[in-house]
Amino acid sequence: MTPGRRVVAIVGLALLVGGLVWGVTGLYGFGRYHAAYGRLVARAAVPDRSATNSVVVTAFDYRAFDTLGEEFILFVSVIGVLVLLRRLRGERGRDEATAAAEDRRASESTRWIGLALVGPLVVLTAYIVVHGQLTPGGGFQGGVILMGAIAFVSVGGESMVLLRLRRTSSWVEMVESAGAAGFAMIGFGGLIVTGVFFENFISKGTSGLLTGGMIPLANVAVGLEVGGALLMVIAEMFDQRLRGRQS
Amino acid sequence: MSVYPYIVAAWLLGAGLYGVMSSRNYVHLIICLTVMQASTYVLLLSVGYVSHGKAPIFADIPTNSTVVDPVVQALSLTDVVVEATVVALLLALVVQANKRFGTVDPNAMTRMRG
Amino acid sequence: MSQLAPLAVAVPLLGAALLILCQRLLPRSAPELLAVGIALATTGMTTLLLVHVGHGLTVYWFGGWHPRQGVAIGIDFSVSAIGVGLAAFVSLLMVLALIYGLRHLDVQHPYYHVLMLTFMAGMVGFCLTGDLFNMFVMFEVMSVSAVALVGYKIGEGAALEGGLNFAVINTIGAFLFLLGIALIYAHTGALNLAQMGASLRHGGDDRVVVIAFTLIVGALLIKAAVVPFHFWLADAYAVALTPVCLLLAGAMSELGIYGIGQVWFTAFQGALGPHADVVRAIFVGAGLLTALWGGAMALTEDHLKRLLAFVTISFVGVFLIGMGLLSQAGVAGTAVYVLADGFGKALLFACVGIVQHRLGKVGQHRLHGRARSLAATGVLFAAGGVLITSMPPFGPFLGKSMIDDAAIKAGYGFVPPLVALASALCGAAVLRAGARVFCGWGEVSRDAPDLADEDTGPETRGSHARTPATMFIPAVLLLAGAVATGVWSGLPGLAATAAHRFTDFTGYYAAVFGTARHLGSVGSSSPEWFDYLYGAAATGLAIVLAGLELWGERVVPGWRPARAAGAAAIRPVRSLHSGRVGDYTAALALGIGVFGALLAATLA
Amino acid sequence: MNGLLAVLLTLVAGVGTLAVAIREPVRQTIAAGFLSLLLALLFFALQAPDVALSEIVVGSLAVPLMLLLAIAKIREQEEAVNRQPPEAQQEGEE
């Protein structure tokens, strides 16, 4: 940075942060929150939907359209990563022989530890996803944990799982796009059944797992989308790492 | 003292912004962006906090208890997704740029100037 | 009929997901045809909505969540003629861009089409939504798609740099937007724009409101690329695939300006209305600076796409003036100008794309006289150049004269000549480039080529020996659109009525919270004699300037030192475009900081 | 405001600053992961368990994983560059 640019940077930073501080000190004191919207939502969630987690009801029902946008932000970013990391002509791929050699390097024990971890993690994921409307958690967190399960297994078992995954990436891609499409379909379901986009068209139930109508369904769709999306990104990054090795 | 969380949010924004301005490494720059993002989480959640409020999840508490704001929490969930996407996309660009230029220094990537 | 509002966003999104889901089942050419079909359907839906909305405002509550006791519980689309008109324009441009892009490299697999569809869905949603946070979400859908599309040509270093600069600066913009949302939500307890506006009407001009306004409008100014937030745009638009450029230049920057109008007239007008003079002065000042800066940069630019990127920046400045007058007349003028000028800029990009397809280059010095055989494209390019100087009686002239009249009414009499100067600079840059490239006139450009041209190759596949109809016909249609907006005599009246609806908060609030109110139509002024004068003067000046640039050194004694002095004067400005994201961020912080400080000073 | 919140907020501000100040990518990634963990604790304290869970899984799991993979890739590339002169390297003057 030249001195002139440094002055611009420092003055800009001071003005921006100073302005922000000046602004926030005009806000009500911490803990004195009173927003009309939030209060209404917190009171209405349980009677409206028989679901107990008002955050999830907000995200998947009152503001389901935001979440549709959010799912597509994720979906698009995966497509973006695939586009940006695509193989250009002349860039050498990784041949099958090296892949097999890599596979063999993964020791038996780490493989077993990995597999032993996968089972419980998948169960945990399923639990988190389907209880989303009742307790903290939901499709989003569950999806990431599933991704984490598979990714960490692969770190333990060297590249084994991720390589398999890369080779079958069209499956992950399909799971991911099925999640995104599924969430949009839930919106269309409302339109078809009740005539309003994202109207909650499934029976709300009274208590337990099958409450919230479309919310558990939405959670599953989001879980597929998020887990698939992150898995695609990680696998793609991993593939990048391997691509450079033999060149 | 009652505005301390808001000040922390402003501080995180400033720190991240300073990092972005002065960064010589795109990976560093991306992490600075996640620090700036932390500022948005802190501000969103702290404006929705109620003293002695409970989490807005009525599984174990009566429906008339004082709870914190569920809306800002739903917004923050979206924000978290945005964090993951921003990091993923930028890293993909940086990995390609490194292949192309052999460096991850933003100041060395100035093919377009003037 | 109001069902079309959610469908205009949901259909492209679902289509995008299904294109990926079914990619194995579909034949190879299916994605492009499906994408064109979906874009056509979206154009149809938004056009029908536009007709349906008419003078009114159509409100659609997602999930059937109607407000309870005056509190919005769900998300609404509040469809106004201005918003849905812009959405229809965006989707029409998308149709043309998709057709135009049929021959482009590497676009055979579905990813490119998926990105284009989500890009369009984000833009359409941004135009229709009545919820501040939903605006942010749509803004992100659009930005994330655009980043991937800008960086699409990963084989070219400049594309990666442009993508990175774009991504970093727009991500910072997104954070500012979010901080602004958090503040204004804390202050008003609402995310719905109408409810927010009602709350702010009673709330007064708190400093929280001022800073929230600064952050939200700052983020939108970054998107619109107003000086000093414009640096990323020149880097990004210069390197994107040409069909993407059509949309970026024709529509995306304009959405930032639309967003500013939307948040001002619905949410902030009530609270900051007493300080409207200050806000207006800031917007008009920034707009003028942007218009002239972009024009001057365009005139000293060698790379054709980057030249057009600076032209885009220059026009964003004029849009900001129109919207920033914060008046019904200003909005009406901006609406007409955005429409006409959007066609014009897209046309210019389309012509450059054809040149790139045929000759594989985009630098003026390399192309000098080499495009002589492309006479038809040359005519289109020259027509585009003349159009953007706002020559009477075409569309851009109409829009600009409406903005000029609104500016004079608001007491900014000095705006019209300066805007005319900016248009002349842009027009001169385009006409000069056209004369060099298509006619081989003048001397070979000596402006330093500042974007290394060596890795800019052709973007298209197939034979480069002829111009495919899929590229040429969209260009002709774009020209027709730009001309038609000027010839269609009903347009100013429709724009005036739509702008009346757009600027009227009471009617907006009433429509969102139940009782719809009918607003009568409003008359619009027709261009005055001095508007014709300004228009003709801008065109004339552009031609004279272009001529001086081409032959001045031989014909006019004293032109050489004058031009050298001008080039020396602009050099410090050029050097600010350093390509370094750190510098851009510093300029961004300074810009937002000064904007906030100016607003804050009026409160103290 | 109670003491726990004050301590967590101060820690978040401190570790956030640290994550900016550290210039070595791997250590910085660890700092960023730690920041996410602290943020998650803060969110629990702010009665936002859903956001806290998301922040843990994204901020301390997905994002660091992506960062580390990218860093490893960049390092390999740089080693390769050091071995042979690059075809298109840009100068970083000034």
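By letter and in written order, the chains are A, B, C and D; residue numbering begins at 1 in each of them.
Everything that follows uses one rule, which is that a contact is a pair of C-beta atoms (placed from the backbone, for glycine too) under 8 Å apart; a residue touches a chain by one contact, two chains touch by 3 or more.
Keep in mind the model is a prediction, meaning the values are calculated, not measured.
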So, comparing C-alpha centroids, which chain is the farthest one from chain C? D
Any idea whether A-D or B-C has more C-beta pairs in contact? B-C
State, to the nearest whole Å, the distance from the C-alpha centre of chain A to the C-alpha centre of chain D. 18
Where chain B and chain C are represented by their mean Cα positions, the distance between them in whole Å: 28
State, to the nearest whole Å, the distance from the C-alpha centre of chain A to the C-alpha centre of chain B. 16
When the centre of a chain is set as the mean of its C-alpha atoms, what distance in Å lies between chain A and chain C? 32
Among the residues of chain B, which are close enough to touch at least two other chains? 2, 4-5, 9, 11, 13, 17-18, 21-22, 43, 46-49, 51, 53, 55-57, 67-68, 71-73, 77-78, 80-82, 84-86, 88-89, 91, 93-96, 100-101, 107, 109-111
For chain C, residues contacting two or more additional chains: 133, 137, 140, 144, 147-148, 151, 154, 157, 163, 179, 183, 185-186, 191, 582, 585-586, 589
Listed in rising order, chain D residues that touch 2 or more other chains are 1, 48-51, 54, 58, 62, 66, 70, 73, 77, 88, 90, 94
List the residues on chain B that touch chain D in their complex, please. 1-2, 4-5, 8, 11-12, 15-16, 18-19, 24-25, 27-28, 30-32, 34-35, 38, 41-42, 45-46, 49, 51, 53-57, 67-68, 73, 76-77, 80-81, 83-84, 87-88, 91, 94-95, 98-105, 107-111
Going by the contact rule set out above, which residues of chain B touch chain A in the complex? 2-7, 9-11, 13-14, 17-18, 21-22, 43, 46-51, 53, 55-59, 63, 67-74, 77-78, 80-82, 84-86, 88-89, 91-93, 95-96
Write out the stretch or stretches of chain A touching chain C in their complex. 1, 5, 8-9, 11-16, 18-20, 22-28, 33-41, 44, 61-66, 68-70, 72-73, 75-77, 79-80, 82-86, 88, 170, 173-174, 176-178, 180-181, 184-185, 187-188, 190-191, 194-200
For the chain D and chain A complex, residues of the former touching the latter: 1, 48-54, 57-58, 61-62, 65-66, 69-70, 72-73, 76-77, 80, 94
Taking the complex as given, what residues does chain C use to touch chain A? 3, 6-7, 10, 13-14, 16-18, 20-21, 23-24, 60-65, 68-69, 71-75, 111-112, 114-115, 118, 121-122, 125, 133-134, 137-138, 140-141, 144-145, 147-148, 151-152, 154-155, 163, 179, 183, 185-192, 195, 206-208, 210-212, 214-215, 582-583, 585-594, 596-597, 600
